[in-house]
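Handing you a structure now.
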Amino acid sequence: MNDIPEPTDSASLVSIRGLRFSRGGRTIFDGVDLDIPRGKVTAIMGPSGTGKTTLLRLIGGQLEPEAGSVRVDGQEVARLSRGALYALRKRMGMLFQSGALLTDLNVFDNVAFPLREHTELPEAMIRDLVLMKLQAVGLRGARELMPSELSGGMARRIALARAIALDPMMIMYDEPFTGQDPISMGALVELIRLLNDALGLTSIIVSHDVKETAAISDYIYVISQGKVVGQGTPDGLQQTDSDWVRQFMQGLPDGPVPFHYPATDYAEDLLNHDA
Amino acid sequence: MLEFIRQLGRGGIGQFAKLGRANLFMLKVLGGFPGLVRRPGLLVAQLWSVGVLSLMIIVVSGLFVGMVLGLQVYNTLVDFGAEESLGVAVALSIVRELGPVVTALLFAGRAGSALAAEIGLMKATEQLSGMEMMAVDPIHRVVAPRFLAGFISMPLLAAIFSAVGIYGGYFVGVALLGVDDGAYWSQMQAKVDLFDDILNGVIKSLVFGWVVTWIAVFEGYDAIPTSEGVSRATTRTVVYAAFAVLGLDFVLTALMFGD
Amino acid sequence: MKSNKTTELMVGMFIAAGVAALFVLAMQVSNLSSFGNGDTYRVTARFENIGGLKVRSAVTVGGVRVGRVASIDYDSERFQAVVGLDLESKYNRFPEDTSAAIYTAGLLGEQYVALEPGGSEDVLKDGSQIELTQSALVLEKLISKFLFQKASEGDQK
């Protein structure tokens, strides 16, 4: 690890500098720099397989970078002791793609889980807190259901209630919109923005659903092939001068850079096939 | 040929690395025990699913193993006019061998596979990752109570198996085949030693309980987080546990009854 | 989801059943019940030959178990086996000139020490030694004795 520039502005909650990470011989990140500003909704976008989920795990300290630094609230995540890391994680919420609800507990107990694990609150107070969180995601009436009885969208909203149970400073969303019907998609989009502003959170959304993500985020990073290839506000990115970013943001099927994972030029490939 | 040897080497290194992971994992699980003292509820819930739910198969198998043993041994002994020794033969074979071994094999099939599948599935559905992100160590919260429950349940199940088996032999020998009631028990009591036989059987079941549960929770935790990975981990659990139990049984028998 | 109380009850019953099974094994199946549970005192006896006697073999008087063999050593000066016997304290009135013999229970059974009380006024105490002993019968010796006897009978004819 050679000289790592200090994060410049304290307005950013997460700052990543010179991040390199590879797994299974494949380089996933190679020199990524990005800052997540406090109190905003920041989106990290990119095609499938660019390691967006890996990035969240690096921020959460579940993986260690090979080089570079990941700082959350001024703390170098990879160098934290176990206790300090766990203390930091209590202040982060993470919403997994599948919701990751504990299947042997019902909705109420799932939301109560972090409270029971980390606090000594009396049961009556836990009940009130859980009902408040469930009310916030509009599923107070579903408290007796088991996770297997929930639809995908409901499971994600319950998981969201659980993620905010400990009143974290930030929430990371891993592909929150994938596989949702329009109604639950709308509910989620609404919720993410609402919770961010009402609770004064910092939100990181990892997604490849351009339209929904652009609608609620304040700032967008586009990652491809291990690098940040574009950044800006949603409007700014639409007017980008990078062909690749424009292709991605507008979802064009054909573009200057291959849309799919490393391959030779599309046209060239076809010609080779002929020959 | 060279490729084959290289593959062998790669496989060997892979297994060795896995063994190392399993040992580190075990240390972490042990680190989770103090936390269980504060929350006995977690352990009780696992004792239910690991112990109580295995009870049925253990009792039924114990009864039938004892009955079959009674019948078979009687037929052999009666040729020598030694059917009075039925009690000894049944008790020694059950207490020393069949009790711990058969219980461990059944336990691996019933509870071990369930543990591996459950933990593997929790991994595949990101529940373990989710816990980590909630600053809850899944090894302490999920694995440690399951491991301890397995370790506690196994000797109890083996004892139940043995007791039921001996009464199964009694039922066939005394009630059906007419061996003298007093002879069945008194010969048994004269020959079965508390330390040499019963205690050693209990030691065996403790070791088996440790190993089988260890394999089960580790395979589940180490599973590739896909449905195929979980099903493979479940199969491996039963196969490895069976090998481990039979191999260790030989070693333990040689050590304890060897003189 | 079953209620917590039922779970706890069933787990409690499971543990109780397991412990009960261990208890059955200890009391009903093994020889624990025939161990003296009280205090014992130690006497020693010297034998020329102890045959197949083992530690924890029974010590009986008139067929009643009164103790067990606690130790077996060999005295390499007097070329004798030294057997330590733990006798239960409630049987503490054996005369000093009690004799000990090693017998076999049944044709192929285990060997045990049988005590035969004498007529002395003094009694055996902790550390006493039994002077009168009779060694184990070794089958091969018996057979050879029998054969020699037959042979010598044949000579006389």
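Annotations for the structure displayed:
Letters A, B and C mark the chains as written, and numbering starts fresh at 1 in each.
Following the convention adopted for this analysis, a residue touches a chain if its C-beta (ideal position, glycine included) is under 8 Å from a C-beta of that chain, and two chains touch if they have at least 3 such contacts.
No experiment lies behind these values; they were computed from the predicted model shown.
Closest to the middle of the protein, by Cα centroid, lies chain B.
Of the two chain pairs considered here, B-C and A-B, the higher C-beta contact count falls to B-C. Between chain A and chain C the centroid-to-centroid distance comes to 76 Å (mean Cα coordinates, whole Å).
Work out the mean CA point of chain B and of chain C, and you get 36 Å between them. Our note on geometry: chain A versus chain B, Cα centroid distance of 43 Å, whole angstroms. Chain contact summary for the complex, chain C toward chain B: residues 4, 7-8, 10-11, 13-15, 17-22, 24-26, 28-35, 56, 110.
Those residues of chain B that touch chain C in the shared complex are 41, 44-45, 47-48, 51-52, 55, 91, 95, 152-153, 155-157, 159-160, 162-164, 166, 185, 188-194, 197-198, 201-202. Of all residues in chain A, those touching chain B in their complex are 57, 60, 62, 86-87, 89-90, 92-94, 96-98, 100-103, 113-114, 117-118, 159, 162, 166. Chain B meets chain A in the complex at residues 121-122, 125-127, 129-137, 141.
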